[in-house]
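Order of writing sets the chain letters: A, B and C. Residues in each chain are counted from 1.
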Amino acid sequence: MATELTTTNLKTDEMIINMGPQHPATHGVLRLILKLDGEIVRHVEPVIGHLHRAQEWQGQNRTLFQYQALIDRVDYLSGMFTSLAFAHACEQIDGCEVPPRAQYLRALVCEMNRISSHLLWLGTFLIDLGALFGFPFYPFREREKLLDLFEEIAGQRMMFNYIRIGGVIRDPKPTWFEKVRKFTQEFPDRIDEYEAIVTQNPIVLKRTKDVGILDKQVAFDYGVSGPSLRGSGVNYDLRKVRPYGIYPDLNFDVPLGQNKGDTWDRYMCRILEMRQSNELIKQCLDKMPEGEILGKKQIAGLRIKAGEGFSAIESPRGVLGCYVISNGSDKAYRIKWRNPSFCNLAVLPSLLIGRPISDIMAIFGSIDVILPDVDR
Amino acid sequence: MLTNSNELFKFSRLIIVWLSIIFISVWAACYLFGFLIPHIILSMGSGDVFNFAAQLFQYLTPVIAILVFIPINAMFMVLVERRGLALFTVRMGPNRVGPDGLLQTAADAVKLLFKEDIIPTGADGLLFTLAPIIFFAPSIFGSIPLLAAITGNSDWFAITNLPTGIFFMVAASSVPVVGIVMGGWASNNKYSLVGGLRSAAQAISYEIPLVLSLLTICYLSQSLNVIEISDRQTGGFLNWNIFGGGALSGLDKYLAAVINGSENAGEILKMYYPQNSILTVIAVIALIFATVTAFFMYLTAACAEVNRIPFDLPEAESELVSGYNTEYSGIKFAIFFLAEFTNLFIVASIASVMFLGAGSSPIPQFVVDYVLTHVPAVSGLLNQLTALLSPLMNQFYILNPATFWSVFWMVIKTYSLVLFAVLVRGTLPRFKIDQLMDFSWKRLIPISLLVFFIAILSKGVFFTNV
Amino acid sequence: MTEKPAEKTEVKLEIGRFGKFLQDNGIKSKRQSDSNNVETIVIDAKDLEPAMRLLKTSSETTLNFLLCVSGVDYADKIDSVYHLWSYEHNDALVIKVELPKNNMTNTQTPCMSSISNFWPAANWHERETYDLVGIRYLKHPYLRRILNPWDWEGHPLRRDYKQLIDALNDKNPHSFR
């Protein structure tokens, strides 16, 4: 335990360490100013913004049509979700209809993207725990398959630009659906594989159990959402609480943390969520209707009506919100992103105080922060 | 099931090729210094001066062998580690430089040699330079007694046969931590400092179970001399120290007698296990338990001693960037790297010498005898081979079969342990520093003391006649 | 950057559920047209802190999920917009605080009180709004720029913002290169 590491009668000087922005484990360019007493963290100040790309500024200086191609970069691991949030907000304002087939395709690709994002998280989380060369690569093997599938429908592996205002841009071929179905059939076995090597690994258990306990009230106060919140046992999934798209028609469970909201619970939540997403993909494939896929013409002068819209969806990292103010021109008047990573990262200092250095990366990895999503 | 069998084949081919390269180069160096040059000197004339010069070259042989061996071996091990990890993690691994990636680490070494040698601002230049040297030096002089054990006490390496060999090696293996602390402190980098301090704490904690587990074997073998320890283990795997430190050698002899149809098989058994009661059986089982536990504890402690995952806290990449060697570049970093892998090799070979029978074959002697006497085809083949090779061995002194087989088995055992370490690295995450300390002081040290006590008790009290 | 914001239709709107709740507790609010059936109210800057405290803790509302704090720069005013949800039920509320600009230049900042002292979620959002839109939240524990560098000049999401010198220009003394 952390308190056993210090001796009360030995006074040592505090040491200030800059962890990052260049550091192997800060998932990009996060900088943590740590005040250490020996190996115990006494004070943390996250410094963000090294990856600021002025997404909101670009949103009000590009036309909507141009900006649609940029928003995948807000969170590069779950580009479908950022597109979806923006599309939802614009559709709210415009009131345009989204055809049912497009709705199903959206749900399908989003759940696939959720799996691919969680897979990358699993790999990096294990790297954070120090399994430097080992099983991190197994999740990447499955992620590769998903990215290939995305490439086939969107033309890109990560920056999809697939979900557009009013629908989706391309109708996949029937063979693509077969490939997805094949993936869903073999994917549960793969998760079993990861679980066999990780879930009962004594060192993983030692590193994650009772580490970084996120209290429910603290999570509420900081506006934490997503699997990090559900790990603390709060049943808050937008797909259930405020269903959007076709999620009311789909049948799935929301996995919750069984323990007390520690790193282990957040890990387990994401693993179970991948299984649920797999089920959702199967249901989407089964119920996929025929018909149109785009309810609004994609032209360079794309415009939406004047008004305000706020949409929020459940991204792999939490509640991803997009606040769009339009004045009826082809540019948005103001776009504001509510990024889950940004809000979840704010809770990090309260989790880290009093923990040793080794826990920093376990905790930081477990709340699944993507720095482009923080800094946009 | 084995989807990457092609990769596996390439991996084995790579190992065989590299091992041949290592063997040939080391052998050539040894042959040059141990035989050819002294021979030429002696042929030039006789007298004290010539004798002295010839002897000097012969005495230099072990040092030359090690100096040739260490860099090539480290290159090989880095490649094995990278390719092995790639094999375990469904990747390709480096396969571009040279045929099938054979020369990757050679290219890396050359690259490191030509890199700028940076001493960071505010660093203590002298200590910063000394640190890699102090880290590397023990792996040269510490491995000298091993040579005698590896080569089966060959004439060329007679000088390395120290009476307190294992003690010397353990003493030498505790020196590198000074280099780590020194490098960490002199780098003027907080990550390095934390890494160095962690390393100091870790080395002190894990030295104790390491030495205690070796002490168990030394007690059972009644010797500190690696040659004597390995000599006691010849004649099949039943004699290896890991199986009770000789507790099963009576069984070995008994089986041999039974197979040979000897009359006095029972007497042999009685001679080795005189009390012949349930107590003896318990003592044998307890001894086997003690030595097997000691073996695994040695592996654990050795992993920590050479900073391998799951105990690689001094250079924990996801926490401390690269720990004590964060600020090192160029040749100094190369030396750290070299020494790290050499240390891994040394602890693996100590494990094979102390527990796995050193250079002795795992096949029991009675099986070999049985096959040689009862299967004429095999013995005929062997005789022909011996006749073919005997001029090489006897006249030119090129290859001593005893030495060759000793080295052969030793290499197999040692590199199996190295591959095991690679597998562990490919599987386990890292401990935390407090868990690491707990694991050593609260688990390993009590257990190793207990194992030592069990060994003494069962060997000394219930099992006196061996 | 001369676009006009959306024209507001000046229709007298009925007081909504949360507006009524606030009115009962002595806080005046003005209803705006809803977006997507979410009640939108405008309140005075000085009323914000008590209103937020009430909405967060009162058992009648429990709007305890602060989604985000956004600043919106209009021609004559700057809005600070609060999106409130609840973790327990399906309610939502948008609160706007309108800060008049009074011909201030693009480096001057309007002031209002911060809520991050009792609502940590607002901390980083207010820093971000300060950084990008330039609303100074008084009594904020650590009001520094968060996304832009600490020595950045101006507030980029103001409509009249002009980047005076190229930050990546080598001749710039503040250049990053």
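Rule of thumb we're sticking to: a residue touches a chain if its C-beta (ideal position, glycine included) is under 8 Å from a C-beta of that chain, and two chains touch if they have at least 3 such contacts.
Note that the structure is predicted; figures quoted are calculated from it, not measured.
A.B. asks: For chain B and chain C, what is the smallest step count along a path of chains that touch one another?
C.D. replies: The least step count works out to 2.
A.B. asks: Of the chains shown, whose Cα mean is nearest the mean of all protein Cα atoms?
C.D. replies: Central by C-alpha mean position: chain A.
A.B. asks: Compute the centre of every chain as the mean of its C-alpha atoms, then state which one is farthest from the centre of chain C.
C.D. replies: B
A.B. asks: Please work out the Cα centroid separation of chain B and chain C, and write it as a whole number of Å.
C.D. replies: Once rounded, the distance between the two centres reads 67 Å.
A.B. asks: How many angstrom lie between the CA centroids of chain A and chain C, rounded to a whole number?
C.D. replies: Here the centre of chain C sits 25 Å away from the centre of chain A.
A.B. asks: Express in whole angstrom the distance between the two chain centres, defined as the mean CA positions of chain A and chain B.
C.D. replies: Taking the mean C-alpha position of each chain, the two centres sit 47 Å apart.
A.B. asks: Tell me, which residues of chain B touch at least two other chains?
C.D. replies: Chain B, residues with two or more chain partners: not present.
A.B. asks: Could you pull out which chain C residues touch chain A in their complex?
C.D. replies: Its residues touching chain A are 3-7, 35-36, 38, 40, 64-68, 70, 72-73, 81, 83, 85, 87, 90, 94, 119-121, 123-125, 128, 132, 145-149, 156-157.
A.B. asks: Once bound in the complex, which stretches of chain A touch chain C?
C.D. replies: Per the stated touch rule, the residues are 48-49, 52, 54, 56-57, 60, 92-93, 220-223, 225, 234, 236, 241-242, 306-312, 319, 321, 323, 325-329, 331, 333-334, 336, 338, 342-343, 345-346, 375-376.
A.B. asks: Given the complex with chain A, which residues does chain B contribute to the contact?
C.D. replies: Within the complex, chain B touches chain A at residues 85, 88-91, 190-191, 194, 309-310, 312-313, 316-321, 425-435.
A.B. asks: Tell me, which parts of chain A touch chain B in their complex?
C.D. replies: By the definition above, chain A touches chain B via 1-2, 4-5, 15, 17, 23-25, 39, 126-138, 141, 197, 201, 203-204, 206-207, 356-361.
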